[in-house]
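In structure tokens below, several structures.
Two complexes follow with subunit A in common, the first pairing it with subunit B and the second with subunit C.
Right, the complex of A and B next:
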């Protein structure tokens, strides 16, 4: 599990000696098996362009060059440490795509995150603490953020204008000329048929298995909502 | 000492030659796959406008018959952004479609939490494309992340037969056509291509305004070759997006040293780890712009960028940082230039950083305009009016 292993991250230490090498290697092989992997890692010139471009490197103990190098050198212990302690700092802006070697540390991190989620790694659970409501929103409504999320307790650092929006939300949404924007729980009006098709996509692609791996409570709530709506639409589908 | 005959940077002209492009033209492969019966390619409807991308290739931008793939962040938290895009279409009398058969691309969540996979992401994209095709309209993508992500999806589908097979099967089971658009087009490309027509209809003088531009990472860093470049803008060394639009409106675009930097959005960070987003937005973007250019306005073209750059300044002010730059999208600036109402159309009351000094500099009586908006809201409140209509917005 993810530990408090100090700052800065000592790359020479095997921080997770308690996790077997075989388990770490299994996870690494899962990363390498992703079809994207060999299109986004070609080695490393050690030029540092990715680090210079990286917003997260300026504010976190995070380094995209280390990601590319650890994977290219197949340093199984270090890859595991990075999956537990580093990958969730990435901003996913893909500024590092300007790598002259053709690497994409950002894309490598996408793959590593997917593996971390799929295997229920502690880092994934920790990184996604408090994020469940967002996953619920996107999975169940097809809209990532909604007007009613603008609440003072959720965005205290955005100042008093959030209070003003929250207080006037219903009225201000009606004061929008596009007819599809008179909503508060979703960004726009999404038809029932569209939502059903989205649920069918989640079902056919195994996405709910990922949710179950990191947050069983959220999984159960989502399954209830989805199965009920699918049943109403005439589908006999379960997510178990 | 050897003196090489090198022209000064400002005297050099870089014209990209598509024949020397370092990458394949993906569209050739897309059409080849259509010939092989793999999928349907939805053509850009005529008449279309032509722009050049990074390697000098021509990209077709539809004028109308556009299917507006809305942005969840824009519609949810800065709805004047999308409203301005629709308003511009209406002002030119263009045929467009605002669908309810549309989901978010779900990429914000994917980049934030990884609780999805390539198959699901591609299926969500293709379901939306199929919906546009069925309606007979061409997708125009409002969000920079959706735009970048869909380009990635298209690239993956071309190069990964197994992914293509899986997604085709999903579409079949949904009863949808397996269709890919000829071009993936971002709305800001449409605004750029329309900029001279917008300038012809300009009623607010902006020649005394200085702006800084923040280009969205997912616009010009993901599949970078598909972004618009122009020899007259930064010598075609950087994308021309937004900057070319502003210059057509008479605005001076100021350059600054952290232009390439991200805004600090971070996907998961903006929602659950905002100390990072705030610090980066204020210290690496807003303060740098303020110190090096001191613009009247910051203009960008993506959901997350407007949100992060605008909302982060409140806390920055509390910490005594050099902040106070209003942040708008290019669609809002273009609409404002054409006389759109700052509250009924641009919906500036959803923005955070004080934009009244900017409106005053443009000669806009914001108090009068706010009272007009408030009067409309009162009518809705009393039941006299159900919603604000497009006619009300222009009244």
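Right, the complex of A and C next:
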């Protein structure tokens, strides 16, 4: 078993469940099996260019070099620790792509995150918790952020003008020239054909299985909306 | 109506409570039941911005969603604590969803249902001291923060 390379991750408290070494190895193998993996991990000679260019490293207890090193050294324990913690501190800006060896900690993190989501890791659930409402919106309506989500009490940091706009939201929207933007519950008018096609895509590509593993409540309400609308459109599809 | 306070959360002792799903059931004289979400649920969700119930006439098995609730940064289902058919929805919630926050056990009721397996369903819910203890345990185990109440919350008597 490889040794922890001394990054102060141990101090970050284990707020996630420890799992068996075999399970950690299985997750690591899944990361390595990704076809992008060998195109974004070479060797690291610790020049620190990635860390120097990384905005997250500046503000968080995060270090892109550790990602490349832990993977290259096949430190199974540390890779798991990173997947349950650090990988969610990356802003996926890919500034670290300037690595002279051709490593891309950012893209390695993309792969690790996907594995974390597919396996329903606690860190993935926690990281995605705050996005539940956006996922619900985009998957059920086909548009991401709707005007009526801009509630003053939910976004006090957006300033006083949010109050004014929220008060007369419908009127403001009607002032926009394209008729497709005269909506408040969706970002724009989404046609039935589009939404049905989207639902079929979510169904066929396994996205719904991912959601089920991450957020059971979200899965439940999405299924409810989708099954009903698909049935109306003549599709006999169940997600459960 | 009696109630207990656990961690600043109001737990009525006269309602059947599904502690796991944070919902409650009141059995009405006409054979219907009124369903809502608990103080713990409203506190965890935060100020609620949208509440959309399933339409009257919808048949629901226990555990299936009877409404979708959205707060600033959370969305989730209210799971039906009983099996049956929705016969009435609280129309006021569409216009004023924060009734779920300010009056979770009274004005913020969600739907009325005609249950079809009530006796068995109620047997799985908890009431009185049993519900209070179950909540106490849940709050401790899941590290649920003390209930917070937004402006306009009514006194529970």
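Simple rule for what comes next: the second predicted complex is superposed on the first by the 223 of 240 C-alpha atoms of A that agree within 3 Å, B and C clash if a C-alpha of one lies under 4 Å from a C-alpha of the other, contacts with A are read in each partner's own complex, and residues count from 1 in each chain.
One rule holds in what follows: contacts are C-beta pairs under 8 Å (C-beta built on N, C-alpha and C of every residue); 3 or more make two chains touch, one makes a residue touch a chain.
Computed from a predicted structure; not experimentally measured.
> Here subunit A is shared; do subunit B and subunit C fit on it together or clash?
On the superposed model, which is not a single observed complex, subunit B and subunit C fit side by side.
> Could you say whether A:33 touches subunit B, subunit C, both of them, or neither, answering first, second, both or neither?
neither
> With both complexes superposed on chain A, which partner does A:47 reach: first (subunit B), second (subunit C), both or neither?
Neither partner.
> Can A:221 be said to touch subunit B (first), subunit C (second), both, or neither?
second
> Return first, second, both or neither, reflecting whether A:237 touches subunit B, subunit C, both chains, or no partner chain.
neither
> Quick one: the Cα-centre angle at subunit A between subunit B and subunit C, nearest 10 degrees, please.
120
> Subunit B or subunit C: which reaches more residues on subunit A?
Partner with more touched residues of subunit A: B.
> Looking at A:130 after the superposition, I want to know if it touches subunit B, subunit C, both of them or none. Which is it: first, second, both, neither?
After superposing on A, A:130 lies in contact with both subunit B and subunit C.
> With the two structures laid over each other on chain A, which partner does A:149 touch: subunit B (first), subunit C (second), both, or neither?
The answer is both, since A:149 touches subunit B and subunit C.
> What's the minimum Cα gap, in whole angstrom, linking subunit B and subunit C in the superposed view?
So the smallest C-alpha gap separating subunit B from subunit C comes to 7 Å.
> Once the two structures are superposed, pull the subunit A residues common to the subunit B and subunit C interfaces.
Comparing the two interfaces on subunit A, one with subunit B and one with subunit C, the shared residues are 129-130, 149, 155.
> Can you list the subunit B residues touching subunit A in their complex?
Residue list for subunit B touching subunit A: 70-77, 79, 82-83, 86-87, 98-104, 106, 108-120, 123-124, 127, 131, 148, 156, 159-160, 162-163, 170, 173-174, 176, 217-218, 221-222, 224, 260-262, 264-269, 271-272, 274, 276, 278-280, 284, 311, 314-315, 344-345, 347, 349-350, 352, 373, 376-377, 380-381, 386-390, 392-393.
> Going by the contact rule set out above, which residues of subunit A touch subunit B in the complex?
35-36, 39, 53, 55-56, 58-60, 88, 91-95, 97-98, 110, 113-114, 116-117, 124, 127-131, 134-135, 138, 142-147, 149-150, 155, 157-159, 161, 164-165, 168, 171-182, 186-191, 193-195, 197-198, 200-202, 204-207, 210-211, 214
> If you look only at subunit A, which of its residues touch subunit C in the complex?
Within the complex, subunit A contacts subunit C at residues 129-130, 132-133, 136, 148-149, 151, 153-155, 217-218, 220-221, 224-225.
> Can you list the subunit C residues touching subunit A in their complex?
Interface residues on the subunit C side: 47, 49-50, 54, 64-65, 68, 70-77, 79.
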